[in-house]
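Please go over the structures that come below.
Look at the two complexes coming up: chain A is in both, with chain B in one and chain C in the other.
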Partner chain A sequence: MSNFTIPVGPLHVALEEPMYFRIDVSGETVAHVDIHAGHVHRGIEYLATKRNIFQNIVLTERICSLCSNSHPQAYAMAIEQIAGLVVPPRAEYLRVIADEIKRVASNLFNVSVLAHLVGFESLFMHVMEVREMMQDVKETVFGNRMDIGANIVGGVRYDIDGEGAAYLRAQLDRLAPAVAEITALYRTNGSILGRTRGIGVLTRADAVDCSVVGPVARACGIDYDVRTKAPYAAYDRLEVPVHTLADGDVWSRAMIRLAEAATAIDLIRQCLDQLPDGPISCTSERPPIPPGEAIAKCEAPRGELIYYVRTIDSPRPERVKWRVPSFMNWDALRFMLKGAKIADIAIIVNSIDPCISCTER
Partner chain B sequence: MNFIKNLMQNLVRGPSTVSYPFGPAWTPDKFRGRVAFKLASCTGCRACEQVCAPGAIRFDKTPEGLRFMMWHNSCVFCGLCEHYCPTDAIQQTTDWHLAHAVEDEFTMAIREVIAYVNCSACGAKTLSSAPNPVGVNPPFSAEEIEQQRNLCPGCRKKALAERGATS
Partner chain C sequence: MSKLPETLELCLATTAPAGIEFTSKTDAKGVSCAWCTLASKDDLLPAATFMKNLGARLSTITILQPKAPATPAPAEGEAAVLPTFFGGVASDGKTFEINYHFDVNGDTVTLIAHVPFGGNIASLTPLFRCADWPERELMELYSVVVSGHPDPRRLFIDPSIDGAVLERLIPFSALANSATTKGLWEKIMAQTGSKS
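Let's look at the complex of A and B:
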């Protein structure tokens, strides 16, 4: 058996995001993985200190398109903590709705790319078409398909009236059976199971060592979800089931994502049922932000997202730092890829739902 | 999934894509598109300039007055300007047709001037901007806005004090 070193990436590994792997293979089996980063470093953390606190809501939203609601939400939560602003209850529910709409779209996107990598193109298109319902919701309710611009410091800047709620419910009623159908298919289809079961296994011990978060952790049996461990926004008033599976393979991660998409649909319905009346923001103007520092975290579609913000006596923050879920999940790839076949590399990389633009910012 | 069922459904429903540019493309009412500016409502508070993350909105002083400039090609359509505008002078439309020839690059902008006038009470040079409605109760009537427009900041304050019920 001969040994080679092969490059995978930086272009076109699963998600067309730039991630470079130098892989030592022994025959067809991966022996060693070297991960090289830095291809999309844009200096956003530095840029954030050159923009004022209110401009940064927009900047943080544009770090990453798939979790584009989680970044400004965590950032706004940190600023609100510094300024002692109390977000009105209606805004808290509206934040959850925005968050969960993004989660459904993000999870379905990843699951559809899995079908594409398996070679099941018709399923890929079917899942993307189902996801399109959520894209239509975003465009109709928020005015944009990806950067929904829901959050501002002190609350939200969109509102759902009776007509909007009826539209949202109607879309959810169409989406829920479609997601259930897709879930059943991923559970039973031979092509999907053959390529994903027992592939890219991450043991619970390795998961703990790498401190993975989000669906990757929950697929290894780690019951950790920020929405239940440290509830923010309106999550403490909602029924949030945490899904876990024991196997830690590619299939488990896909199933966790599908289960969470179904849960997210249920959470949006709970929010619409409980939605209280009242203002959507604690102030209509820009509130004064005193010097201070704060940490806020939220559950992005990929896992725990932590923001640290330090403000000084200036309109600009002195430091904005964030830790994204892909950073730890990425490290776990070394364990998942060990002993894998070359043909499975792309499927395994996709299974952590890597978000390079968040990680390298 | 029953593929026959799915196939039949897809045959009946037809393509999922729209035939744009040969047919109309669906645009929701809340779509955040091209920014429109209403000079008559602008108070010149410059809140939009301060929250504009890409720096698409700029104000500068010209001999004629305070100039509002907005570059459509720099805009990221976030809508913060609209959100923080106290008088809805800046609003996003549903228009997303922004493709243009390269030679039109510098005309893809809004340039409007809030002109200098002489204060109708004291004669001092001042901007004929709309009055700031924040905290004014009861709100300004249309005539009051026109009266305030031609007053300098000092005379506006005086007029507001005479009006009584202010914040």
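Let's look at the complex of A and C:
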């Protein structure tokens, strides 16, 4: 059998973002994978130290479009810890609502791209159309489809009134059965199952070794979710089921994302039911931020997002460091792709829901 | 109700014979964050081995060069007292501070090592597979040497670019030399010596 080295990427591996894989193949089977990153490295961590503490809320939101709400939230949480600010309860619930709205849209996006890669274009368009309901929600509630600008240091900068809550509930009532229908389809459809069951398997032991996070970890049976392990915002007052599956294949990862989209809908409803009255921010002016350091974690759609912030006697932070979930999950591709067929490479790469602008910053 | 073991400070102190400075805080939701500064960077490997045995996951690594604190002018006839970090490494604005953030079931433990400028630090990659990329990244951001790293290639920054990018001021005009297609094209033409 002949051995070749083939380039996959950097453009259009699965999504429009660039990542270059140098793949050694033996016949049609992947033997070895080398990952070359850096095509969209922009030096945002450096830039964050040249902006003041409050400007960085805007900057961090622009690191990545799909988890654009998780970045400013974790950053704000770190600053709040340093300054000893207590976020009012209403703002905590509103943070969860913003987070979960983004999660539904992000997870459905990834699952739809899976259908596209399988070649099931009508399903791809259907899932994107269902996701559009959440895009409408974002546009209506926040005024924007991707960067929703929900967080500020000390709280949030949007509120939901009675009319807004009724609209949100109505959208969720339309969305929930559609997500259930899509989930049933992914569970039973032959075209989907044939291309995803037993493909790109990551064993639990390898997953622990690679320290993967988020749906990729939970699809291998690792019961870790920041929302329950290290509760933040209002998650300590909500019922948050953690979904896990044992097989660690492409299908399991898609099913976890669908289950988490359904859970997110439920979480938004719980928040609307419990939403307490009160202020949406603990401060109306920019509070003074003393020197200090803090770590904040939150569960982005792709898994654990961790922020480290160090402030000194200056309006600018001395260091802002973050690690996105995708950063950990790339390594696992070496295990998932080993022994895979060339035709499955794109499906497997997409199954970690890669976010390259996040990874390279 | 911290989930961190109560003996954590004692255990870390035992694994790091040069000494540690330990603080720990638990927030209103019961999430703990512990900080452990190692007096000697040579204690990093044993301390990290202890964390591994504890079942910790290495979340990420942060490297920075903390600014030197302002020091008052010494009184006449006295030698100036130079500021140092815990453990005696000079706080001169060039020393590297490397923070290793570990996740222990949702709680965070950070091991902090100070490396003098031009110094090196042991690689954790043989111990934690996931230290590979963070260590490769910190090597291209600063001139610190990670000794024993199995694959010390560049991660994000092209090998043709000088290293230690965060130690230098890079003019925006140099940074954005490909901001216009014309500028990039002229540069390529000049480099290859071709006539356009």
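The rule is short, and it goes like this: the second predicted complex is superposed on the first by the 361 of 361 C-alpha atoms of A that agree within 3 Å, B and C clash if a C-alpha of one lies under 4 Å from a C-alpha of the other, contacts with A are read in each partner's own complex, and residues count from 1 in each chain.
Basically, a contact is a pair of C-beta atoms (placed from the backbone, for glycine too) under 8 Å apart; a residue touches a chain by one contact, two chains touch by 3 or more.
Fair warning: this is a prediction, and the values are worked out from it, not measured in the lab.
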Chain A as common anchor, with chain B and chain C clashing or fitting: fit
First, second, both or neither for A:Thr283, with chain B first and chain C second: neither
Touched partner set for A:Arg62, first chain B, second chain C, both or neither: first
Partner chain in contact with A:Ile312 - chain B first, chain C second, else both or neither: second
Touching partner for A:Ala37 - first (chain B), second (chain C), both, neither: second
First (chain B), second (chain C), both or neither touched by A:Thr203: neither
Angle, in degrees and to the nearest 10, that opens at chain A between the C-alpha centres of chain B and chain C: 90
Touching partner for A:Val226 - first (chain B), second (chain C), both, neither: second
Which of chain B and chain C A:Gln135 touches, first, second, both or neither: neither
Touching partner for A:Glu360 - first (chain B), second (chain C), both, neither: second
Where chain B and chain C come nearest after superposition, their Cα distance in Å: 15
Touching residues on chain A, where the partner in the complex is chain C: 37-38, 41, 43, 46, 81, 86, 209-211, 226, 228-232, 236, 294-295, 297, 304, 306, 308, 310, 312, 318-319, 321, 323, 327-328, 330-331, 360
List of chain B residues in touch with chain A within their complex: 1, 6, 16, 28-32, 47, 50-54, 76-80, 83-84, 86, 92, 134
Touching residues (chain side chain A, partner chain B) in the complex: 51-52, 54-59, 61-62, 126, 129, 132, 139-144, 147, 149, 152, 157, 181-182, 184-185, 285-286, 315
Touching residues (chain side chain C, partner chain A) in the complex: 27-31, 33, 57-60, 62, 64, 66-67, 99, 101, 103, 105-108, 110, 128-130, 132-134, 154-158, 165-166, 175
